Amino acid sequence: MNPADGGAGMEAVADWWGTAVSRVAPDVIELRGRPVQELIGRAGFAEVVWLLLRGETPGEREAALLEAALVAGVDHGPHAPSIAVARMAITCGVGLNNAIATGVNLLGDVHGGAGEQCVELLQDVLASGDAAGTVRRWRARDKYLPGFGHRFHTRDPRRDPLLALVDAAAADGVVAGAHVRAAREVEELIAPVPMNVDGATAVIYAELGFPAPLARGLFVLSRSVGILAHAWEESGQGRRNKGPIPPFVQPTHLSPDPPM
Amino acid sequence: MNPADGGAGMEAVADWWGTAVSRVAPDVIELRGRPVQELIGRAGFAEVVWLLLRGETPGEREAALLEAALVAGVDHGPHAPSIAVARMAITCGVGLNNAIATGVNLLGDVHGGAGEQCVELLQDVLASGDAAGTVRRWRARDKYLPGFGHRFHTRDPRRDPLLALVDAAAADGVVAGAHVRAAREVEELIAPVPMNVDGATAVIYAELGFPAPLARGLFVLSRSVGILAHAWEESGQGRRNKGPIPPFVQPTHLSPDPPM
Amino acid sequence: MNPADGGAGMEAVADWWGTAVSRVAPDVIELRGRPVQELIGRAGFAEVVWLLLRGETPGEREAALLEAALVAGVDHGPHAPSIAVARMAITCGVGLNNAIATGVNLLGDVHGGAGEQCVELLQDVLASGDAAGTVRRWRARDKYLPGFGHRFHTRDPRRDPLLALVDAAAADGVVAGAHVRAAREVEELIAPVPMNVDGATAVIYAELGFPAPLARGLFVLSRSVGILAHAWEESGQGRRNKGPIPPFVQPTHLSPDPPM
Amino acid sequence: MNPADGGAGMEAVADWWGTAVSRVAPDVIELRGRPVQELIGRAGFAEVVWLLLRGETPGEREAALLEAALVAGVDHGPHAPSIAVARMAITCGVGLNNAIATGVNLLGDVHGGAGEQCVELLQDVLASGDAAGTVRRWRARDKYLPGFGHRFHTRDPRRDPLLALVDAAAADGVVAGAHVRAAREVEELIAPVPMNVDGATAVIYAELGFPAPLARGLFVLSRSVGILAHAWEESGQGRRNKGPIPPFVQPTHLSPDPPM
C-alpha cells in the first residue's frame, strides 16, 4: 500500500504513540528536543537520565548528587532476591537481558519500593509540619517505616556519605534542605534505628525534585548494574539450573496450614 | 478524528496485527473460526489448547494424551529454579501475575528446553534411520542427551505412566508409534540411563504431530500450574524479600577467577 | 564436603524452602501427597490445578465448572496488550517462554485484576447484604465496576454460557448460588451494563470457594494459552523487531504536558 | 535453631552463593573489595559499572568512552518494541519496575544482540586478518551484518560522534585502535551501508576490552533509561490497557498459512 494514502487514520495511529521524550525521523534522533549527537561525549549518564525524565538538564552539582545516589544502590549481594534470581536465570539458558529483566521484575513494593514510600513519608512530614504525628500514623499502618532500619546492618554504611553530600549541597544552596531536615527529625524520633540506603537516596531524590515514583525508577537503573554483574559472573561458572539449594541438600516436607 | 476517514492507512495498521488465531469484533469472539460460546462448557482445556495452536480440534484420545502430558510436568518443587524464583518474587511486593511471569521467564534452553530438543533428537533418529549414529553425533556436541537421565531421580516416576499411555494409543492406532519406538531405541543404547519426563512428554508431543518448539510452549502451560501454586502458598507465609539463603546464613567471599 | 556433616544448618536451609505443595525425593514426586504417577492419565488438567492450589481434588461437576472458566478466557486477540507484547517479543529474538512471560507480566491490576476485584465486590455485597450501597461505595472509589461492562462488546459473548453453567450447578446443589445471585443483583442495579467475562468467571471462582487473588492466578493460566498461540503464530511470520506501528507510519512529536 | 550449629552444611550453602562481585557483612558492603562508602560521591556511574564487571577501575579517558556509549543508546522512541511494551505495561496496572523489566526482556538476539554480534564480527576480522572473507562468511549465514545499516536511518546520527571519540582515544593511545580500523574496513567493503549505533558502540566496547556478551549487557543498562522515561510519561496519561492499535481501529481477520 502507498503510505501517502494513510490520511487521518495513519495520523491517529501515530498520535496514539506520540511522546515528548524523543523524536525519531530518518537520520534524526532528538531526546527532549536535543539532537543525540550533541549529547554523546558531552553529557554524562546522570545528566541524560535527568534530561529524559524531566525535559531539561540539571546543573553540575545536581547531576553529581543524582550520580552519587545511583552509585550507592548498585549491589547488595546474592542475599538480595533481585540479585539471586538473575544468577539463577542465567543458568537456565536464557539471554543476559532476560536474566536482568528477571531481577528487575522483583524490585516491587517490598524490595524496591522503600525509596518511593520514604519520599512520600518525607512529603507527609513537611506537609503536616508534624513529624511525630506522621510517624505515629505511618507506624499504625505498618511496622516498617520505609527508609529506616536494615535487617542486616545496624548502621547502613551508605547512609553517612550520602547525607554528607546532601548537607554540603544544602549548605551551598544547591538544594533547599527541607527533606534532609525532615528525615533527620524522623531518625531522632525512632532512635536508635538509623536511616538506610533507601532513606538516604530518597532524601536526595526528593531534594532534587523527583516525584516519589521515580525513586523506584531510579533505583531500578542503579540496581541493574549489580544484577548485570552477578548474572555475568554466574554465566562464567558453568552451572545448569541453579536452584536456591545446593543439590545435596534435601528439602523437607513441611505442613504449614494449607493456603486456603 | 473520524474513524471513517481511516482509509488505507487504517487498514494497513489492522493488517499489521492480523491473525488467524482469533477474530474479535463487537459482540463476537471466534477462536480459529469457532464462536467462543460454543466452546465454553463443551470443549476441554486440552482441546482448546490444541485448537488455538493448530486450527482444528483433536479426537478424544488425542486430547487425553495431550492432557496427560500437561499434567505430568506441573511441578518439581522449589529445587526447580522456576518454582523458587516465583516464591521469591511474591515476597518482594509484586503481583501474582508478575511472580508467575518471573518463573516462566526461566524456562529457557536449559531449564525448559529439553522437551523441544528431544523432539528434534527423535526426528533426527527417524530421518537418519540410525539411532546409534544419531546418539553419537548428539553426544559429541553435548554430554547431556535431552530427555534422558535426571540429576535427582535414578528413574523418573513420570516415565512409566506416560509411556504406558503412548503404547496404548499406538496399539489402538491413535498415534503411529514411530517416535516412541525411536525413544526406546535411544534408551537401550544409553542404558541404564532412562527417559525422563522431558523425554516421555516429547514422545507424546511428537506422536501427536506438534512441532518441536511447541514442546517447550506446552511445558510452559504445564509448569505454570506449579509456579502459581507455589507463589500462592508463599504469599500466605508473610515473608518479605525472601532470598535464597535463610537470613542467619552468611555468604562467604569466594574468589573464583574473575569473569574477564 | 560431606552432606552428612550438614546437621542443623542444612536442615534450616531445607526448612526455609519447605512446602506443602509437593514432595520431591529420589524417585518420588508427590503432589499434595498424591504420587504423580497416580495422576498422569487419570486426573484432568483442571482437577490437578485444583489439587495443587487447595490440597484436595474436586468433584466432577466442580472440575467441569473450573474448566469452563479456564476455557472462557484464553484469548481476546492482539487488541489485548498481553497478546500484542508476546507477539512483539518473539520477533526480538527471545525464547518462546520469554515471550509468554512478557505477556503474563502485563496481567496486572488493570488488565488481569478485574476478576479478583469482582470476587471482592461480590463478597462485599454478601457480607453487607446491601447490593445498592455496595455498588455506590465502589463507584465512589472508581468509575469502573470490576466485572461489568466492556469497552469493545455491548454484551460479552462469554457471559451467557458461563452463567448458564453456574445456574445449572446451583440448581443441582453443586454450588450454593449466593454469588451468582449477588452478581445478578448488581447487574440489575447498573442496567443496561452487563456482566463481562471477568464477572462471569469471578462468579464461578467464588462459587467454587477460591479466594479472590486466585481469580487472577487462574486467569493467568487461561490467558497463557492465547499468549502461546499468538507468539507461536508470529514466530512463523519472519518479522524482526515488530513494533506497534507498521514501519511506514511515522510517529508524530506530541507535546503533552511534561510528566513532572 | 542456633546458627552456630550450622557447620559444614551451612558453609556449603554459603559457598553455593559465593561471589567475587561484592561482600556483604553486618555494616560492611564492599564492591570488588572497595568499601561502598569510598565510592559514593567519588566514583562516577560508568566507573562503577566497569568496577563491578571487571574488578578494577578504569582510567578517566576509558570511563568517558564507556559513558559516551551508554549515553548513545538510551532511546529510539516507541517504534522500538522495548519502549512500546513498557508503555503498554504501565497502563495494565503493574509496577514501574515490572514495566521496565518487560522492556528489558525484549532486548534479545534480534533487538538487543547486534552489538554483541558485531564485537564477534570484529574479533573475527582481526583473528583472520581477512575482512572481505569474513564479511562473505557472515553474509552467507545471514543477510543482516550486525552493526551495519538501519531500517530507519540512511546514516545513523550516533555513528559520527561515537567514532570521533574512539579516533581521538586511539590517537592518544588510550585504546589500541585495531577494532575501529576493522570496523571501517568492513564499512568500506559494504559501502554505502554505514555503521549504526550497535556497530559504533561495539567498537568502543571491544576497544575497551569488554567481551562480546557484555555489549548486550551494557546496552541493557543504556536502554533502561529510555524505557523508564517512556513508562513514566505514559503513567501520567491515564490510559488503561493500551494496546498497539487505537481502540477505533478494527483488526482484520487474515488467513496466513496456519502455523503448523
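Order as written gives the chain letters A, B, C and D; numbering starts at 1 within each chain.
Here is the rule we use: contacts are C-beta pairs under 8 Å (C-beta built on N, C-alpha and C of every residue); 3 or more make two chains touch, one makes a residue touch a chain.
Because the structure is a prediction, the values reported are computed rather than measured.
When the partners of chain B are compared with those of chain C, the chains appearing in both lists are A, D.
Among the remaining chains, those touching chain A as well as chain D are B, C.
With centres computed as the average of Cα coordinates, no chain lies farther from chain B than A.
Chain A and chain C have centres, each the mean of its CA atoms, that are 29 Å apart. In terms of their C-alpha centroids, the spacing between chain A and chain B amounts to 34 Å.
Multi-chain contact residues of chain A, defined as those touching 2 or more other chains: 3, 6, 9-13, 15, 17, 19-20, 23-24, 53, 77-79, 84, 94-95, 97-98, 101-102, 105-109, 112-113, 152, 214, 232-233, 235, 244-245, 248-249, 251, 256, 259. Listing the residues of chain B that touch chain C in their complex gives 9, 12-13, 15-17, 19-24, 26-29, 31, 35-37, 39-41, 43-46, 48-49, 52-53, 64, 67-68, 70-72, 74-79, 84, 95-98, 100-102, 104-109, 112-113, 152-158, 160-162, 164-165, 213-214, 216-217, 220-221, 224-226, 228-233, 235, 245-246, 248-249. Chain D makes touch with chain C in their complex at residues 1-3, 5-13, 77-82, 84-85, 88-89, 91-94, 98, 101-102, 105-113, 151-152, 232-233, 235-237, 240-245, 247, 251, 256-257, 259. Residues 3, 6, 10-11, 13-15, 17-20, 23-25, 53-55, 94-95, 97-98, 105, 209-211, 214, 244-245, 248-256, 258-260 of chain D are the ones that touch chain B when the two sit in their complex.
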